[in-house]
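This structure is in structure tokens; I'll ask about it shortly.
Chain IDs A, B and C follow the sequence of writing; residue 1 opens each chain.
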């Protein structure tokens, strides 16, 4: 089922100032293709959970429409939309067993959809098999690990065969090892069921690793929708460039002059057909080539050895942020000492953005 | 070493002190059980009461149930307690749910009004309630006994706090699954809040079992007396003569159900009371 | 969310109806009653509006007696029961074996019918034709003469009254204080020990300040409860408290409303409002005092 958001906007009354509204989601337009796994990514408070709640029907939009396929579901209550929802804290009913939890949504079905006890049990076993929790059907949620509880929550969301599966920070409550395991699991379950799945996360690695598409948001505004690698390799604006990637991208105040990009007094890159103007120049940590007579001269701070790589920490008058971090493969890094260190830049790892609008300058 | 010795002495003193108070607490219970097993003549012949009895008799218990309608008082109290507690749950659970979970205009104002009612002592409103029940011709009826005590603002408050502690996500999950508010309340919130609900029920049962003032106002027909009024009646015109052992038998019979309840639910009752019970 | 509005009110409706009929309306009504002069219960008529009822009640010797009794009970039982409970709670928190057993025993009076156990107290203290009663025999061992605690001198009756009241209110106070003591972080005690503080210093400087909110809560609720004393009195002295000279304010209210001396809801209302004013004032003073004294964490 494809999901289409059309001019979707959600405003709240401000809590602090009466009469003032806060825009949580501002004029969203995007289409989620059928059967894909979509990551909604952004810093906290950017409106991703609101977006999810709008799609589920728990909240109603101030304006705009939502379509599941060709069906306008904007004014439908959640139970008529056919969505499954999974929460960060699992939201399992603590007094019910795993099986009773999974069956709970089925017991709400009315009329022709009504199921017999046996049918419900069979259905529950089917999804339990899918998420691999069959041995635990008679346990209470508190007798299970976080990862198992999250699987039960997913099973409960899937048991009605939803058109769309929504997951709100599904992995945040798990420890690092379980998180890795469970996200693979999530990917597998999504592949097997083919349900269009939207999950919210603030963890870029999580979004990158399993999504078909990533939606990057900031302060209620849509920033970029793209394949995971593209959001990294081809950011649409300065925010996306800075938000994705660890260590963070290095940002310099620069200018275009006579077909070249200057950082300070040093020309670091050739650009053609661009007006002279101030710009932001950003360079990925892996975009630096350490050479003796490199174009960019930085003041060396320290070198951090990380095994496979070496991280060179330096400073430059035109930089923003605390310092410049570059990653160099260990075998390519001779002993770096002295006051200064010089780099050439890999053109593909440098992105230029307009000084004012922070939009990407396509070269 | 001196330290050790000191603490041993002080420990002994503490135990002595605690034991003295325990005896003061227990002695009346011991005395009523003991007296209830003494025969009428034996009791009256003891100028110096004996601390044990060698000829225990059940005669007093027979008297308690035959000479006065103790069984009737018991039944009345049971009906009163069960009906009041049951009705109260029907009234307070939805109210607590509305305050805790539903959004509606005027919720905060209404809740503030409810809370302010907690300060009103029953002694102040009992006068009009008495007149109301008299006007409704409900003296000597179960309804007249029950109706004024089926709401408790305090328990609504206690339950609301408990309901609010249930994470929002459970409600959202239930909504997405198409669960109605009522089903969510009965199938999810009530079972999860079961400990608090049991506490409230126990506290209310204790309150009902021991209530005296209201039943005294409302009933003058012995057919509708509760145990407290029955005891008072026994004391004043009881067994035709001052039959202390029979009186004590009645007292034992009346006290036993709650003591058994207490011994079974000891932890729950004590936790519940320390969370919010007050007597009187 | 708009459509939910009427549903929410539906959930609230039963509670609102009951509270309205048996709480809010009576509250207004009791004020009206108290102002209606010479209200006649049978004809439901009155002759005038004014403060006469209050003047009558305040000059009624029975009421003055009840007022005196109530204040005595409050002044004696609240400090004694609170102090004794604190001692017991401290004792309980410093022992391990048998602690649960003691706690269970101490809580017993809470779950018993005060009317019923009051009878036992009466028998223990009462002198009859057959016996002086157990307590008197005990006193006789110390060479004191028999006293009729139930129908004898005022001080003796007041003693029994206060003794029973304390016996009845102790379980609640012990329970609350024990859990307050248990909730004090033991690290404070360890720190104080290490600093070389003595036990009594630890009590006055650490324990008591830490549990002072609870102590004040108990004092405030203790005052309120003791001012409403009534059924304990009935338990010991019977329903005709005026005859025994042991009536309380609440007892006076009920007597005015019902029974042989009853049928005067206006006097009852006035007396109830006076009681409410007293309780309110005392509570207010307590709260102001505690705000200055209690060290909240």
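In this section, contacts are C-beta pairs under 8 Å (C-beta built on N, C-alpha and C of every residue); 3 or more make two chains touch, one makes a residue touch a chain.
Just so we're clear, the structure is a prediction, and the values are computed from it rather than from any experiment.
Once the contact rule is applied, which chains count as partners of both chain A and chain C?
The shared contacts of chain A and chain C, listed by label, come to B.
Compute per-chain Cα centres, compare each with the mean of all protein Cα atoms, and return the closest chain.
Of the chains present, the most centrally placed is B.
Report which of A-B and B-C is connected by more C-beta pairs in contact.
More contacting C-beta pairs are found at B-C.
Round to the nearest whole Å and give the separation of the Cα centres of chain A and chain C.
Those two chain centres are 62 Å apart.
State, to the nearest whole Å, the distance from the C-alpha centre of chain A to the C-alpha centre of chain B.
Measuring from centre to centre gives 57 Å for this pair.
So the centre of each chain is just the mean of its C-alpha atoms; given that, what is the distance between chain B and chain C in Å?
Between these chains, centre-to-centre, one finds 17 Å.
Provide the list of chain B residues touching at least two other chains, using ranges where the numbers run on.
none
If I count partner chains per residue in chain C, which residues reach a count of at least 2?
none
On chain A, where are the residues touching two or more other chains?
none
Taking the complex as given, what residues does chain A use to touch chain B?
For chain A paired with chain B, touching residues are 53, 56-58, 77-80, 83-85, 87-91, 93-96, 104-105, 108-109, 156, 160.
Which stretch or stretches of chain C touch chain B in the complex?
Within the complex, chain C touches chain B at residues 1, 4-5, 7-9, 11-12, 14-16, 18-19, 21-27, 29-30, 33, 84, 87-88, 91-92, 94-95, 98, 102-117, 119-121, 123-124, 128, 130-132, 134, 137, 167-170, 172, 175-176, 179, 221, 224-225, 228, 230-231, 234, 238-239, 250, 253-254, 257-258, 265, 268-269, 272-273, 275-276, 279.
Which stretch or stretches of chain B touch chain A in the complex?
167, 169-170, 172-180, 183, 187-188, 191-192, 194
Can you tell me which positions in chain B touch chain C when the two form their complex?
11, 14-15, 17-18, 21-22, 24-26, 28-29, 31-32, 35, 44-49, 90-92, 94-95, 97-99, 102-105, 107, 110, 114, 117, 120-121, 123-132, 147-148, 150-151, 153, 156, 181, 206, 209-210, 212-213, 216-217, 227-228, 231-232, 235-236, 242, 244, 247-248, 250-251, 254-255, 258-259, 261-263, 266, 269-270, 273-274, 277-280
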